[in-house]
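Order as written gives the chain letters A, B, C and D; numbering starts at 1 within each chain.
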Amino acid sequence: MRRVAVVATGQTEHARSRDDLSQPELVRQAAGRALSDAGLEPDAVDAVVISNMELFEGRALPELWVGEGAFASGKPCLKVATGGTSGTSACIAGFHQVASGLFDVVLVVGFEKHSEGHTQTGMALTDPFWDRAVASGALGNFALSISQYMAERGVTEEHAARVAVKARRNAARNPHAHLRMPDITVEEVLASRILAHPVRMLDMCPQSDGACAIVVAGEDRAAGLCERPAWVKAAVTRHEQPYIGDIDRRLASMRTLREAARRAYELADIREPLGDFDVAEIYEPVSYSELAWYEALGFCEDGEAGRLIEAGRTEMEGDLPVNPSGGVLSTNPVGASGVIRVAEAALQVMGRGGERQVPGVETALATGYGVYAWADVVVLGSA
Amino acid sequence: MSEHLTVPIEMALTWRYASGSAMERFAAGLRERRIAALRCDGCGRRYLPPRPLCGNCRLPLAEWVPVADEGALEAWTVMHLPILDGRTGEPREAPYGMGLIRLDGADTTVNHYLDERDPERLAIGMRVRAVWRGDLRGAMDDILHFEVLR
Amino acid sequence: MRPANALDRRPVVVAGVGETGPRPEDPRSIPEMVLEAVTEALADARLGYGDIDAVVTASVDLFDGLTASNIAVTEVVGAVMRPETRIAGDGLAAALHAACQIWAGAYDTVLVAAHGKASMSCYQDLTRWALDPILVQPLGLDFLACSGLQASAMAVADPGAERRWAETAAVRRAACATDAASPCTAEAVLESAVAAAPIREGMCAPMADGATAVVLRTVAPAGKGEDVRLAGVGCDLDRHALGDRDLCAWRGLERAAERAYAGAGVADPEDAFDLAEPSCRCAHEEELFLAATGVGAGTLVSPSGGLFAGDVPVAAGLSRLVAAVRHMRGDAGCRRALAHGAWGPAGQAHVVAVLDRGTA
Amino acid sequence: MIREGGMSIPFRFAAGEAGSAFLAALRDDRRILGARCRGCGRVVVPARAFCGRCGGADLAFEDVGPEGTLIAWTQRPGHGVFGLIRLDGGDGALLHRLLSPLPALVAGVRLRPRFAAERRGDIRDIEGFEVVNGSDA
């Protein structure tokens, strides 16, 4: 397989509402910043991959309208949409397209403008003969799985609150992040409004408007476009059965993420994840999920996630800083969120993370999470 | 540009969904307060909702097995943020209890409403039973909610 | 530097094809339809689910009325605990991506599946939500109105155009063997109701339900006999606004075809193809297709009626690939074919696949 | 078994930098804004923030039309009559409704916009285009 690398990134300032920009203009801002970052003219892009969950904007085939914003006119352009994993899966599609030799430079752009529609309704078109009869939403489904996870693994509300605090404090150092709360405390999270027992307002991700782009290049181009490219060491996807009730103890088991990680670690020669990774950007729509992912990703043994966060080992100064960007808990334009994970992991490898840079990153992890338990795992490295 | 204009457009779309033959048979059972699952020949897993294929074994499903209208609570929550009902578009009045219920005779769980909404009175492993509506229509909301058996 | 679209890539063989066949209204659920197509494609390839390394599906949420509508097919395409990439666009574009995965060396065997159910809703009403919501959607246009504008631009200073299109439609309708299409003379086409002037209803392919599946596979070293290979692929997205395009040509298809030809080593398209299977939804589009691809008079075009046998949203392009493969298998003289998919208003997006007969 | 289900959502689409300027000019001054791309020299109509042709983002708004020439039209029963109009001073064409009776609609005919009396910053602030009296294709 031809080696491929992420050579540039660009993103918008994410916010509750970006009424100042139309969808194509929002996409253009992220795409334009990524091209400037690589010093590329639009003509140098061979193909474009777009990620977006179109029902949130009431669209069909959104690439038709926003494609021009992604410099896709007159170029091959495909759209990927797999719920929360849309962005990471679009990046993986870009990796494969470059690795194939068909294209040398591919631009991947993810975007969402939740403010233009109604996110709950956009997610409500579930199986009309089954789960459409119950109003649980992503929030309710998480809360259900969390009750099982807490009972089985001894995780507490305070453990989750620590994750929420870490995310928003980290986000304060990220100029693109939506929720930036440098002074947030565990007490504040635990006192925030209850949404679905035990999940509180500050445990949940926001709904954001935003876009994020990466430039993917083949081995013969990467070095010329970036001083320190973020090489793709592994990119693995695993999908799961369709109904929440199909998945046994979802957060606790998370067999898709476990299997995707196992395969990715094999490809990238990761033996001791907590030590081998220098940074991780993982897709955590709710504070509790980050704890579950620690276990599924092998950062700790099952049942040890609470102690991992308690000991501060995933804080910026810890052994493995998780989500220096602030993560999905601080910024969630769904179609962009997976691209943001890969872009942020790439920035860390490039050493261009600004105030949120972790020193000396050689190997970085990015994950995507979507629908009930779909998983993407991407490993990036400096060599 | 100081002024940011927005263009309002109302979406009102409908679709005609086909249930598939397994779901059709399942729905006919609901009209008689009967619940049935499809059992996989390969792994023995008894599936709700019924479907054409076991995704794990990738084998067609054909063997129907009876399922009780009561079972064990495997997971629960109390919703405080009202979620829109996908059928009516209206928010359901909060707070309300929800659970994942493993019905006796099935291996997958059903997500549904609970009559209990006090977190202090809910626990994994509790026994629950379906409360059916009077006028059965052959849909999952023929079950109004599950009552906690104490 | 490695040339893009190099000829030295490992082969991608179309190992199996399956299709429900377009129907005006398929009473089955989406997973049931897709299961039939996938089962047929796997049997055709003499493979089982266990032989599949990855899946690429094609579906569009708004067309299916489902959030992340590939959830409905995850199990029947065998994607549980497997890599699935979901392309929200034409199924032939999904096949293009699957070929990329194989050329990349990521997987050896990839299943591609696409589905659409036009009977679920008023398809043209759904297409309004694909048009610019600031400048176009509020005016009340749909894809068919956009096609009408394209046909109108072509008919300027071409008084014979409408009759020619009616004759094309009559020929395609006569060739169909499905129950979605109805035969009709050119005169009857010209007298049929206005769909989007100057397009008459008789000039439009009927919308239909269906599912299509294809197994792509790199050649096994010990393989024997002749097979059909994906020799070159290309796609393109044109400008969105009709006013920004030259409506009298499918420039996007020209570029998509050029890319596919470069991959397949097609020097002169006029003599290169024994068969072309275009995705033409209206009769006038055949003229745009022929001009853009450069396919010559010696090429057999849509021998089974093309999309006039039933235009299945999303699956249409992949169904053209299946039609081409089946024809090549049944006609030893057919050495090279072109399959085409198109989506968006007035052919905004195109995908082309060049199929060659190969020997392992 | 077939069951009906639907979705009703009010969407509100941001017109963005260029779209807001374009719609505000329709509403406030009955002007039609194009944008001249300093990269390729074309005047895109309606105004946009970036040039879809050359990719450039250096565009300057300028007035086009309001009159123009019909280049294509269609009648879509149940939906209306639509045309592509090349506005004077602009490249490309504007898509809009046509108000004149069908026999008058031939390529090349001159058209002018009819503005709505009440305008709210919407493409429908132009009710449509009508044939300029005495115009002949």
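Keep this in mind: a contact is a pair of C-beta atoms (placed from the backbone, for glycine too) under 8 Å apart; a residue touches a chain by one contact, two chains touch by 3 or more.
Just so it is clear, the structure is predicted and the values come from calculations on it, not from any experiment.
Undergrad: Going by the contact rule set out at the top, which chains touch both subunit A and subunit B?
TA: C, D
Undergrad: Going by average Cα coordinates, which chain is farthest removed from subunit C?
TA: Measuring from the centre of subunit C, the most distant chain centre belongs to B.
Undergrad: Would you indicate which pair of chains has the most C-beta pairs in contact?
TA: Highest contact count among chain pairs: A-C.
Undergrad: Quick check: how many Å separate the C-alpha centres of subunit B and subunit D?
TA: So the centre of subunit B lies 48 Å away from the centre of subunit D.
Undergrad: Calculate how many whole Å lie between the centre of subunit B and the centre of subunit C, each centre taken as the average of the chain's C-alpha atoms.
TA: Roughly 37 Å separates the two chain centres.
Undergrad: Using mean C-alpha positions as chain centres, tell me how far subunit A is from subunit D in Å, no decimals.
TA: 39
Undergrad: From the C-alpha centre of subunit A to that of subunit C, how far is it in Å?
TA: 32
Undergrad: Counting only residues that touch at least two other chains, what does the list for subunit A look like?
TA: Expected reply: 19-20, 22, 58, 68, 73, 116, 118, 121-122, 124-129, 132, 241-242.
Undergrad: Could you say which residues in subunit D touch two or more other chains, in rising order?
TA: 2-3, 5, 7-17, 19, 23, 52-53, 122-123
Undergrad: Quick check: what residues of subunit B touch more than one other chain, meaning two or more?
TA: 1, 4, 6-7, 9, 11, 13-19, 23, 27, 51, 55-56, 86-87, 89, 139
Undergrad: Note which residues of subunit A are touching subunit C in the complex, please.
TA: Answer in residue numbers: 1-2, 22, 46, 48, 53-55, 58-65, 67-68, 72-83, 89, 92-93, 95-97, 99-104, 122-128, 218, 220-221, 236-242, 255-256, 259, 370-371.
Undergrad: What part of subunit B is in contact with subunit A in the complex they form?
TA: For this pair, the touching residues of subunit B are 1, 4, 6, 9, 11, 17, 19, 23, 27, 47-49, 51, 55-56, 74-87, 89, 91-92, 98-100, 108-113, 119, 124, 139-141.
Undergrad: Which residues of subunit B touch subunit C in their complex?
TA: 7, 9, 11, 13-21, 23, 51-56, 58
Undergrad: For a test of understanding, state which residues of subunit C touch subunit B in their complex under the given definition.
TA: So the residues of subunit C touching subunit B come out as 26-32, 35, 48-50, 62, 64-65, 74-76, 78, 80-81, 117, 119-121, 125-126, 129, 133-134, 137-138.
Undergrad: Note which residues of subunit D are touching subunit B in the complex, please.
TA: Checking each residue of subunit D against subunit B gives 1-17, 19-21, 23-24, 121-123.
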